[in-house]
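What follows is a single structure, written as structure tokens, with notes after it.
Each chain carries a letter (A, B, C and D) given by its place in the written order, and its residues are counted from 1.
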Amino acid sequence: MSGEILFQADNISKTFGGLKAVDNVSFALRAGIVTTLVGPNGAGKTTLFNAMTGHLVPDQGAVTFLGKSILGLPRWKVARLGIGRTFQDLKLFSHMTVLENVTTATESGSWLWQTGGRASKAARIERIERALAATQLQRRRDTRAVDLSYAERKFLSIARIMASGARLWLLDEPASGLDRSSYDRFLTVLRNEVTSGVTICIIEHNLDIVQSISDRIAFLDQGKLLAEGDPKTILSDPALAAIYFGERA
Amino acid sequence: MLKSRIAAAIVGSLMCLGAAGGASAQDTIKIGANLPMSGPNAELGEIFSRAAGVAVKHINADKMLSKPVELAIEDSQATPQGGVVAMNKLVSVTKVPYVLSAYTAVSKAIAPIGDRAKVVSINGGAVGPDLAELGDYFWNVIPLVNFEAEVLIPFVVKEKGLKNIVLIFVDDPLGEAVQKVLRAEVPKAGGQLVGELQVQRATQQFASIAANVRQLKPDAIYIASFGTQVNQIIKQLRDNGVTQQLMSYSAMSTPSIAELPEAKGAWYTTQSADFSASALGQRVAKEYKEVSGKDANAYVANYYNAIMVFGILAQQLEKAGKPITGTNLLEQRRASPTFELVGGKMTFQQNGTVSAPVQIREIDGTGPGKLIK
Amino acid sequence: MVFLQLFVNGLQLGAIYALTAVGFSLIFGSTKIFHVAHGSAFAISGYIYWWLASKLNVPWPVATLAAVVAAAAFGLFMERFIYRPIQRHEASFFTVFIAAFGVQLFIQNLIGTVAGRGMETVTTPLSRSIEVVDGLFIAPIAAISIAVAILVFTALSYFLGRTHIGIAMRALSENPDLVRVFGLDPGRVAQYAFAIGSAVVVPGAIFTAMTAGLNPAIGTHVMLVSLAATIVGGIGSVRGAACGGMLLGLAENLAYWKLDPQWSEAVTFIVLFAFIIFRPSGFFGSSTIAK
Amino acid sequence: MTTYIINLAILIGINAILAVTLNFILGYAGIFSLAHAIFFGIGAYTAAIAAMKFGADFAVATAAGMVISGVISLALALPALRVRGEYFVAASLGLQMLAVTVFSEWKSVTGGIGGLIGIPPARLFGFDVSEPVLFLGLTIACLAVILIIIRALVRSSFGRSLKAIRDDETAASALGKNVALLKTLAVMVSSSFAAVAGSLFTFYLSFINVESFVLEVSVQIIAMVIIGGTATLLGPVIGAVIVLLLPALLTYLPYLPPTEIGSIQQMIYGLAMVLLMIFRPSGLWGYGSDSQKRGEP
């Protein structure tokens, strides 16, 4: 279960005023699988995401997507290459309706109209409806994002990335705070997407979630990549567990 | 639903605009005043309107006209847009034949409206020379600044022997007009214009201007600005070691300058508004002091005269049995262009400007100051 | 020598600007309220002082005290009765802006009606400059205003650095949650900020009344300058606002050295614009708001 | 009487255009410009010069104004890209003050404070439209067209992208939106439409000077937008009506001491602003009193 390498980071580092948030990390994301980034708080998981999506430029190292370097590209260019992400604090467009939130995700063109004519318009609408259906937000399509329930907001952020048509998803704690049922729904959504060819990288704390969705796990601590491998080996490693649960060995 | 209520309110208010307009009663003769009644230039608007008020009182007290005269004051805020709105209201709602105006920019903006509606606008405050070219229906009852400078400069240079003049002027039509006049007059009188310092209307700090003035070592400084800026220039020049003679035009005749200790000894020109000279003058000065608590100055004379010009013309029209319209007022003025007013005889020229005797005064802390020429 | 003269003038004006800017910066820093009515506090206290000192011949310390009280009271009033009610509905930035502007307009015209619309000055020998070296004139008030400015800033930085409430204010400008840690409610801190921020304009107002003179519209100009100074210095940084005010005062005056006078005002805003483009965080500011 | 109402209506129309165009960037793109009067001014001066020097038709003069204004608006877009919130407000303020200085000092073009006088009456495709009634028609037509265009823009993908940027710039860019380009476009659109108001103003007054394009005017336009309600189509129009009608109505207040009338009007106006903001912060046309963070920098 290892497709071609979609995304590659080669010993990238990022320091904030002395503190090494990401320390010489190298790892790859293979197409069609779910890779999970685990590690205690402050391990540099989100910083790594930011470095991968151009939200910040690593001090050193190389970042390539589909073999092309995306280092130093502006965020919107990175996004247009097909790397989508969600945020811990969702960052929904609060005063826009659910439909608007999802629709605008399909419209990356900057001009007064969208290029591509009828065909692409139809395609966009199809994508929008699919996203709404998958996240069961159809009924709420005309509600403003601020007025949604917490779970609904989480799903909206997923619907947005789904509609954007990105082929690599970077999800920052997407399941945190979800109740059981919506959490199961969430898993099925991800699974379907993966089978339909999307590659996913997740930051997650909850270990049984990690267990249930990961095909691969990368373990970070204090900005370093300590281990990478399949869930069983990583999760059964006592040393890592020790670090994860905070007793420094 | 609020929105519908808003809509209703707007419609309602428009109607009441209409009603108010229709309701303007005709048992009085209304004349308009389009003056700055708010904002930084309102001090003058206050003086102008009070002076006009005194004149109206006289016209009514002396029964000069068949119906009592009533003054409708609108606020021009000393801006073109404000002036235009106010002018439109005076012309087409209050329906006045005669409007008091002030400020060069405002006058320029409202003159076309007056011209179209055949309503006379008369200015007694602004002195920009280009006010002479605003058409038949725009009159000036104040000698424009060029008259004043032409009198002052020879006096200063020849009689007082102050040869080197520095000009501080505001960058508007007035300031530039003065600049033009001084460039011509000073050399003609045998003096020299050693410096020209332009300031913006908004400027309030003049310490560094003073520094520049000191560098130029002039014998006298001519200040061509208006409103509170004149006060600030005078005070800060004196505060910052400029001891030379200060001089200006009628803008220096505001009470707040008269009270400004730093202004003592400054010379300024104004059309002769010697209130003590005539009985009329004394009456005006007295009653003005009653309403305002301040001594009458040249502006008081101007706006008093502006209203009086109307009173006299209207009286003559009534005698001749003609209606009091802008057109008739203009005709009548051309027929009899000379008026007996505060400060003596005053004659309108064909282009609607007056030539009045100009006098030079020295500020001595008592109202308009002492007459020195 | 001209240069030196202009420099001295710049320092004097800069001191006044700094004193007004600091108040604005303090308030904005700790409440994130864009207090455009700050100029009104300046106008009010200036006129109170003028009225007491030159109309009623009250001794200057009393007049000053009254002015301080008036300014602080105005600040508290704004916080309590204007800004707080508005912010109850998560008011937008410009809702606050318009309300504050409305107040400014009201105060300006109120002063005009009550105190008259001419220029009013407090006459004092202090504003008369003496020729110290030939060609260099310095008024006692220049020295005084600079001294007072320094005094106020030392006091202020002591207050912000040492006292409980002061530290809380600084914290508030960093992040509001921190204040609860101090066991203070942001409302209280905000009131302090407004009271103190408004009170520190008083010296500037009084010096202006003695030098340039007061007029009802003066608040607007003051507001513009202190806003500019705050940005140039870095939002929320008292030290920054002080330096910003100084810089603007100097720039405005040194402009007379080479430029025609009518450009001196523009210089202020050229400096401002340049700072925003090239150094958005100002001298000392944390560029949190700037992207 | 009617002439007065018509004249007032024309001014309201012109200001409504300004408010609507400002709302496009303020309400929808979250760009808080204190410099809108600049583009009003550029439109006015351009139209005036086009008409005086080249006897240009209203349409031509307006088009010229729109182009020039659109180009110069890049000066405003620049800070809009670098900074946000109060910083941008201050930047636009600085720009506004600079523009005023230029307007009043570049005398050869703007006539300084003396202004430009003797602007010919408006002609449209050869017909004289300077008659108040006709001119009112012209004004309303312009306003209507602009409203329609803005409505279309707001509902287009462009409008959605702007709103997205307003609500969360980071998320917008993470969805592939070129924030810089979008903001620049928005500013250009808004500024060039503001120039239309300028052109109308020029032909209406047949005299313009810098005093009509100063900071106070920018603030008044903002007042219209906020009072009416940001990010609503008609809000700004309502705002313009109220802001211009209020003082006009106040002039009918009886028994005001004549010398104080101006100040009292201004005080009531100021007070009205404050009360409105306290009791209806989302604007008269806005969504009731539900909390809206929109407009938060």
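Quick note on the criterion: contacts are C-beta pairs under 8 Å (C-beta built on N, C-alpha and C of every residue); 3 or more make two chains touch, one makes a residue touch a chain.
Since the model is a prediction, treat every value here as computed from it, not as a measurement.
Asker: Taking contact as defined at the start, I'd like the list of chains shared as neighbours by chain A and chain B.
Answerer: Under the touch definition, chain A and chain B have D as mutual neighbours.
Asker: What are the two chains with the most C-beta pairs touching?
Answerer: Contact tally peaks for the chain pair C-D.
Asker: Per-chain C-alpha centres versus the global one: which chain is nearest?
Answerer: So the chain nearest the centre of the shown protein is D.
Asker: Which chain's mean C-alpha position is the greatest distance from chain A's?
Answerer: B
Asker: Give, as an integer number of Å, the spacing between the C-alpha centres of chain C and chain A.
Answerer: 48
Asker: Taking the mean of the C-alpha atoms as each chain's centre, how many Å separate chain C from chain D?
Answerer: 30
Asker: Taking the mean of the CA coordinates per chain, how far is chain B from chain C in Å?
Answerer: The mean C-alpha positions of chain B and chain C differ by 36 Å.
Asker: What whole-number Å value describes the gap between the mean CA coordinates of chain B and chain D?
Answerer: Taking the mean C-alpha position of each chain, the two centres sit 33 Å apart.
Asker: Would you please write down the residue numbers of chain B that are in contact with two or more other chains?
Answerer: Each of 38-39, 42, 46, 171, 200 in chain B touches at least two other chains.
Asker: In chain C, what residues contact two or more other chains?
Answerer: Expected reply: 109, 112, 262, 265.
Asker: Two or more other chains touching the same residue: where does that happen in chain A?
Answerer: Not one residue of chain A touches more than one other chain, so the list is empty.
Asker: Assign the assembly's chain-to-chain touch graph to one of these shapes: line, ring, star, complete, other.
Answerer: The chain contacts form none of line, ring, star or complete graph.
Asker: For each chain, which other chains does it touch, given as pairs?
Answerer: So, checking each combination of chains, I get A-D, B-C, B-D, C-D as the touching pairs.
Asker: Write out the stretch or stretches of chain D touching chain A in their complex.
Answerer: 153, 156-158, 160-161, 163-164, 166-168, 170-179, 181-182, 185, 231, 292-294
Asker: Report the residues of chain D in contact with chain C in the complex, numbered from low to high.
Answerer: Result: residues 26, 32, 78-79, 82-91, 93-95, 97-98, 101, 105, 169, 215, 219, 222-223, 225-227, 230, 260, 262-264, 266-267, 269-274, 276-278, 281-282, 289, 291-297 of chain D touch chain C.
Asker: Can you list the residues on chain A that touch chain D in the complex?
Answerer: Interface residues on chain A, with respect to chain D: 53, 55, 74-77, 79-80, 84-85, 87, 91-96, 100, 103-105, 107-114, 146, 160, 164.
Asker: Under the stated contact criterion, what part of chain C meets chain B in this complex?
Answerer: Residues of chain C touching chain B: 2, 5-6, 9-10, 12-13, 109, 112, 116-121, 123, 127-129, 131, 135, 137, 139, 211-213, 215-218, 221, 252-253, 256, 260-262, 264-265.
Asker: For the complex, give me every residue of chain D touching chain B.
Answerer: Its residues touching chain B are 1-5, 7-8, 11, 101, 104-105, 112-115, 117, 205-209, 211-212, 238, 241-242, 245, 248-249, 251-252, 258-263, 265-266, 284-285, 288.
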